[in-house]
Amino acid sequence: MLHIVNKSPGERSTLASCLAHARPGHCVLLIEDAVYAATKGHAAGAQVAKALGGGVKVYVLTPDLEARARAGAVAEGVVQVDYRGFVDLVTQNPRVQSWL
Amino acid sequence: MKIGVMVNEGPYQHQSSDSAYLFCKAAIESGHQIERVFFYHDGVNNATKLTEPPQDDRNVVARWTKLAEEHGVDLVVCVAAALRRGIVEQNLAQGFRISGLGQLVESAIQSDRLVVFGD
Amino acid sequence: MDEAGTVKKFLFVNRKAPYGSVYALEGLEVVLISAAFDQDVGLAFLDDGVYQLAKGQNPKGIETKNFSPTYRALEGYDIEKLYVERESLEARGLTEGDLLVDVQVLGAAEMAALMDEMDVMISF
Amino acid sequence: MKIGVMVNEGPYQHQSSDSAYLFCKAAIESGHQIERVFFYHDGVNNATKLTEPPQDDRNVVARWTKLAEEHGVDLVVCVAAALRRGIVEQNLAQGFRISGLGQLVESAIQSDRLVVFGD
Amino acid sequence: MLHIVNKSPGERSTLASCLAHARPGHCVLLIEDAVYAATKGHAAGAQVAKALGGGVKVYVLTPDLEARARAGAVAEGVVQVDYRGFVDLVTQNPRVQSWL
Amino acid sequence: MDEAGTVKKFLFVNRKAPYGSVYALEGLEVVLISAAFDQDVGLAFLDDGVYQLAKGQNPKGIETKNFSPTYRALEGYDIEKLYVERESLEARGLTEGDLLVDVQVLGAAEMAALMDEMDVMISF
């Protein structure tokens, strides 16, 4: 299953809600303002690390990171993808949920 | 693969519409089929032909029209949401059509995936 | 391709409070339409979405339509799977008794397992 | 007292526009003066004359027009935000006028208070 | 000073940010989805109680409470106002800030 | 009434990240216009608003205009009061060195005191 999150954890609760429902083996893709959650030193780091430790795969959309000047600060264990990679995640996972 | 897309926010205010467009473009480039993009909630505002964004910015509406023309993507605007927000035939941009919510459910049934972009 | 026979598992995921934004109301409109397609339809209410089901809504003072009775009408459309997350109720000081319809209360882990069985999830 | 109001979201999608309207009405009833309501960001969508909300719901646009007519409230739509979103003279509802951002700053200077309604 | 908050603390961080900047004697008005913060048993109750204890006055808009079926559940120390009361708060405070 | 001589203290409060929504960009447009009115103008950046000032923004991949150089141009409009909240930087793993303009870093309490001296606050 692919979970998509698009809001910053500094502004909204969607990331927390998503991670509370992501199961081992699931993929979580951070896009738009959610990419901040995957950056080093961010207060949400512990949440993301816990998800990674629990077997959840975390991806982040590179063009959104670059727009926000955070491409050089991606936290360990998080995988960068471009839009093609976004499409691959959608097709490789049997179901998709956007956390809005 | 057949992918359906839903867009819930208007142009410029939120990034949703941009993300949806770039996703569609990448999906088509990867050989997948975007059969329909369904515009709901403020997403219906993507369909107005009256926008005139600054010259140095992207033209969100024109991009959707081009996608429809070049790749046969069906751009459907929800009639109920559109009436609430003042999107009617009179200001509807090329490539869009106004129809019912059933088109969203149908798209979800017929597509292999449905990806929702919102706020 | 003939899709006439396709039955998919739909879950409409409601995470937003009513009235502050239109998502709850327009989300319900999609749910009602989906009933015409003979699909396997369920609704999930979590986070602030649980407030959509609060008993006793009265938006007269904000001059807005009270659409909450529609949740009671869902049964008539054969939409009977309403799932509410326990943790979301508890964090808001609500109990099942505060809700205007009968629901199935699930823990977050059960909700996650439910989502993992779906074909289509639409969030509002 | 002179109160200026700013509205940053469109009708229906968010409650901001409703709250702003009910606030204005109460302020006028309390003897205060709402000189100007400035519509910015998606707030410009309050000014489209093409909306047709369901019969049993409030008509957000018509309410603003009535407020302008009955109480002389100046309803100003930001031209730059409006062009981005497809609000132009052609679909502008009665009682609204399109002007520049300077009208917002002026309103903030001349009013005793400025109250912002947004998302 | 009057602070206005319109989003639910279950969804956004605006209430927390507002309360971190409200000083003793300030007024905080909860409208729209923010009214939930002022209801009994809500997880945000401790935040609101702390603000009250620190000399911040907390108000909640009754029509928004009623719409949401929460008028009967207002937390202790929080004062209900109608739209006229909202206007009074705006005129009685020398400055107003909306936390968006 | 002659308002020609009125000078008010304006604070534009930026709490949202850039690109995810238009508030940062359109907020900046208001700031630029305000320069023409000879007011006492300051900008506050707190919460996700601090990201607006991040050095090295490149939105080419999302096909959006990079408006961040405009923050550097504010000085030319005599807008020199840029306040950034320390707690907001720290929670995001940022330091002053990550920002594209010179700013005054304030603690939350100092920011609250600053706000308490304003005449007009506009939030985006």
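Should a chain be cited, it is by its letter among A, B, C, D, E and F, assigned in written order, with residues numbered from 1 in that chain.
Criterion: a contact is a pair of C-beta atoms (placed from the backbone, for glycine too) under 8 Å apart; a residue touches a chain by one contact, two chains touch by 3 or more.
Just so it is clear, the structure is predicted and the values come from calculations on it, not from any experiment.
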Tell me which chains count as touching both chain A and chain F. B, E
Using the contact definition given at the top, which chains are in touch with both chain C and chain E? A, D
Compute the distance, rounded to whole Å, between the mean C-alpha positions of chain D and chain E. 24
So how far apart, in whole Å, are chain B and chain E when each is placed at the average of its C-alpha atoms? 38
Whole-Å gap between the CA centroids of chain C and chain D: 33
List, in ascending order, every residue of chain C touching at least 2 other chains. 16, 19-23, 47, 62, 64, 120, 123-124
For chain E, jot down the residues that touch at least 2 other chains. 6, 10-11, 13, 32-33, 63, 82, 95-96, 98, 100
Which chain D residues reach two or more other chains? 8, 12-13, 15, 19, 22, 41, 57, 80, 114, 116, 118
All pairs of touching chains, each written as two labels joined by a dash: A-B, A-C, A-E, A-F, B-C, B-D, B-F, C-D, C-E, D-E, D-F, E-F
Please give the residue numbers of chain B that touch chain C in the complex, ascending. 6, 40-41, 80-81, 100-102, 104-106, 108-110, 114, 116, 118
Would you pull the chain E residues touching chain C in the complex into a rising list? 6-8, 10-11, 32-33, 36, 39-43, 45, 62-64, 66-70, 72-73, 82
If we count contacts the way the header does, which residues on chain A are in touch with chain C in the complex? 1, 13-14, 17, 20-23, 95-100
Spell out the residues on chain F that touch chain D in their complex, using ranges where they run on. 1, 3, 6, 8, 10, 22-23, 26, 29-30, 33-34, 36-37, 39, 120, 122-124
What residues on chain C touch chain D, complex-wise? 19-22, 62-65
